[in-house]
Amino acid sequence: MNPTDIESMAASVPDGALIALPPDNSLPSVALAKALIRKGARNLRLLGVPVSGFATDILIGAGCVASVQTSAVSLGEAGFAPRFTAALKAGTITITDATCPAIHTMLQAAEKGVPFMPLRGIIGSDILANRPDWKVIENPFDANEKIVALPALHPDIAVFHGAMADSHGNIYVGRRRECGTIAHASKRALVTVERVVEGNFLEDEKLASGTINATYISAFAIAERGARPAALLDQYGFDAAYVSTYARAAKTDGGFADWCAEHVFEARAEAAE
Amino acid sequence: MNPTDIESMAASVPDGALIALPPDNSLPSVALAKALIRKGARNLRLLGVPVSGFATDILIGAGCVASVQTSAVSLGEAGFAPRFTAALKAGTITITDATCPAIHTMLQAAEKGVPFMPLRGIIGSDILANRPDWKVIENPFDANEKIVALPALHPDIAVFHGAMADSHGNIYVGRRRECGTIAHASKRALVTVERVVEGNFLEDEKLASGTINATYISAFAIAERGARPAALLDQYGFDAAYVSTYARAAKTDGGFADWCAEHVFEARAEAAE
Amino acid sequence: MSTDYRPEELLAVTLAKLIRAVPTHHIAVGAASPVPAAACWLAVKQGAPVRLSLLHKRSGNPFTEGTRELFDLTGQGRIDLFFLGGGEIDGQANLNLIGTGAWPGREVRFPGSFGSAFMYFMSGRTILFREEHSPRVLVEKVANISAPGISEPGVYRRGHAQALVTGRCVFTFHPDRGRFSLTSVHEGETVESVRAMTGFDFDVEGEVPQTPAPTAEELALLRGSVCDEMMETYPEFCARVFNRKLAA
Amino acid sequence: MSTDYRPEELLAVTLAKLIRAVPTHHIAVGAASPVPAAACWLAVKQGAPVRLSLLHKRSGNPFTEGTRELFDLTGQGRIDLFFLGGGEIDGQANLNLIGTGAWPGREVRFPGSFGSAFMYFMSGRTILFREEHSPRVLVEKVANISAPGISEPGVYRRGHAQALVTGRCVFTFHPDRGRFSLTSVHEGETVESVRAMTGFDFDVEGEVPQTPAPTAEELALLRGSVCDEMMETYPEFCARVFNRKLAA
């Protein structure tokens, strides 16, 4: 499997796709989110696994997003996600609230090929009251217990950033194994990586346990520092200054547009020169 | 967390305990199985995750076992498991048949803290007809589908062999991550390891993804070549000669007794000298 | 003595007492929770045999199954104590992390429920912590329930709120009657001042004592070995509260 | 030509044709299946764009989620083809890997069902393979069903048996009518000789051809690059069938 170009990868994402994104502590591909903005993606339905952060906010700001399903949207220390908040207020996006383990569970159901999985908790929460797609059933082993049944969720596309790919298209994500579950549950997985290395991670005992098998990977592209401002394992840390600059700029439509011109379009144009 | 002695570890296992054991391709602790034989364990209920191999056969041969729940019992290339077959014929053990993904699913339900999980397949098999503890329910999202609901299974003790432990009691199992699920689902986890090393695997990005957090580990003991005759990751291979010697010897009660005297009792006595 | 400690230090000491009041093997502490984290470390440094899983620890993060593992661990019954807050908290200990106004937060949208709709049921117990103590936060009835304080029969629930600690007082929660009682008021507060700033009704049983001030020993631990443990994850908090800065 | 190949080579070539007869992206091959593994490698070497997951490959084993991953992968619909056998196989394609006599195999106990009760439903299709073709193995009705050949309405089933390949012939399975038909007989066999050795009734439609013998090209691939791929996992098979030994 050979790497593709990140712009071609973005071009392969159809408008309206249901896209699963890990949050800022778990290898988001901010690089692909930026390429989707450059491509002018529209009506994307984003799934936060299990919460949403920086990549979601910039996609919303650029008008690429129709809806978000997530357990929270936040820039962490930098506070509320400004473009999410503005778009929700303006009514240009809809949000479907979940709770973290429910999102994991819906993806695990897809991963196992079962139509649903039960999860405890949730009953009595208004989250459930606003999820007609979630059902309360009787525990088949204890008629006295009510429990929530969550439907399997199959995203169209999993998007994340790995540390590296090998010659076979296996992707190393280290301990961030939830990226594996997202890939397993999704119809396609588009992955950016820092670099491609020779060999086969599955033949290296130490790397194998942090590797996602190429079986699940539809395409990968090289994007150096592609998780930035999120951290990448032990390779680079969270860039708090970048996020707080963004959070300040993105308070207004104009501020976001300027930020986007500089950090999404110009930065790419310079890199391409 | 400090290592314990393997004989003390065996002594901590009560008669009648439900013990989860990985099979010969996934880090069984044959060393602890032998220690359980030396201790004279009785009425153990063994769970093969998802199948059973060498360790199960020797425990049965030594009279330690009352029942086995598993998806198959086999010595692989060396053929049928002789002591299992003899004990089943003699009526001294009972077997509860499952099918591989059902055992994984019952443990995953325990891992998630849900009372059950559904699984497709199985319906129409006599396995289901002989499992009054498995139920067929209606898929809550499609009244036209019948599906099996499997109850959560919480073993009393998970037993497996890791490559190494660190100073904190974290256990490295590499890609054999199913040992993690067994540990998560079980009330206690007793683990043997080749060696103990300084440091914290969770702080080493490459090791972390193949590490089971000490949270789940009740005790660990050093047992060099403790998986033998099973393989240990890239450290040593499967000892086919050892298993075929065993398979020949264990065809008869007397042959098993001789094998056991030499390989379980004498070998230990020599090592202790 | 009264000005010898910072408010965060009083809160950390108060939380540590609540931790130690109940046998506790394992506590998970979420992001953006420096005061609860300080309280956990203080309990540990005071000798409580507690395992801490700090979810946002950068190096040596305890989880190797991804973000799912915390919820699995809690589902298994291995988390004895968790901390939760809320944009709104009401008198029945319902939490609102969603927002005010009509669903999904048409007036003010909060970030979202995170894992609260699960953790609040499945942790052995929960300590509610919110520094801001005002009628805006402590309301009679939350606008939207992210996680309910009590559950009807037939709903599996392992634990409830143990207490609610704010910048003004400590409440104890009584799941049997679904109400808070006032346990102690911090220095400078009274039952009446607390009542004036609280949107929900609560019980008062007899004389309400003052929340004990941190002792010199507690403060020494907080500013010493607790601060040492927290520097990597919460550098800004350590700088602000303990006046300690990372070496450049 | 007739003695120029070994029975295993005919079987591998025959299985490879069945693999290539249907678009196939991903095949999983279990333990102790050298002939199916050879067939898969042959299909690959013949240019079929197939991914192989060899479950017992020692180095570079494809799975990093433990033994669970094969079943998850199959549940996801990512396995187009799996191979199964059986201690008994009946005319409705029911498999018995449990044993004969009363449950759980009071007469002869087989090892157990392994994953068959799931894989047979959830793989895109299954090729049944059993070299021994005798009334003892191919029975009218299996004593115990590990995995049923067909399923009633309301049971999710992604695939069925495509064919049953034995040491004597190739049967095609028809899930609509729940019966096998005889597709071809291997050299030296006839419809009558097959019927005499088969415990179940099967359909015969018109003239039954002979199973095509391996071509020189097929044999060259098997003995060359296919054998190269199989040496690590199946050294004994390679020594016996291809007369190739590992360098000491």
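By written order: A, B, C and D. Residues from 1 in each chain.
Basically, a residue touches a chain if its C-beta (ideal position, glycine included) is under 8 Å from a C-beta of that chain, and two chains touch if they have at least 3 such contacts.
Nothing here was measured: the structure is a model prediction, and the numbers come from that model.
Chain pairs A-D and B-D differ in how many C-beta pairs they share in contact, with the greater number at B-D. Ranked by how far their CA centres sit from the centre of chain B, the chains are topped by C.
Distance from the chain B centre to the chain C centre is 40 Å, each centre being the mean of its Cα atoms.
Centre to centre, using the average C-alpha position, chain A and chain B are separated by 36 Å.
Centre-to-centre spacing of chain B and chain D amounts to 29 Å, using the average Cα coordinate of each chain. Counting partners per residue, chain C has 59, 61, 63-65, 71-72, 75, 122, 156 as the residues that reach two or more other chains. Residue positions of chain B touching 2 or more other chains: 108, 112-115, 119-120, 145, 147, 175, 177, 208-210, 234.
Taken chain by chain, the contacts fit none of the simple shapes, being neither an open path, a ring, a star, nor a full set of pairwise contacts.
By the document's touch criterion, interfaces exist between A-B, A-C, A-D, B-C, B-D. Taken in their complex, chain A has these residues touching chain C: 23, 25-26, 49-51, 70-74, 76-77, 80-81, 85, 88-89, 95, 97-102, 104, 108, 119-128, 130, 144-147, 175-181, 231, 234, 237. Touching chain C in their complex are the following residues of chain B: 110-115, 180, 184-185, 200, 202-203, 208-213, 215. Residues 26, 51, 53, 59-65, 71-78, 122, 156 of chain C are the ones that touch chain B when the two sit in their complex.
By the touch rule above, chain A contacts chain B in their complex via residues 105, 108, 112-120, 135, 137, 139-142, 145, 147, 149, 151, 174-175, 177, 205-210, 233-234. Interface residues of chain D, counted against chain B in their complex, comprise 31-32, 56, 58-59, 61, 63-68, 71-72, 75, 97-98, 103-105, 109, 111-122, 144-148, 151-156.
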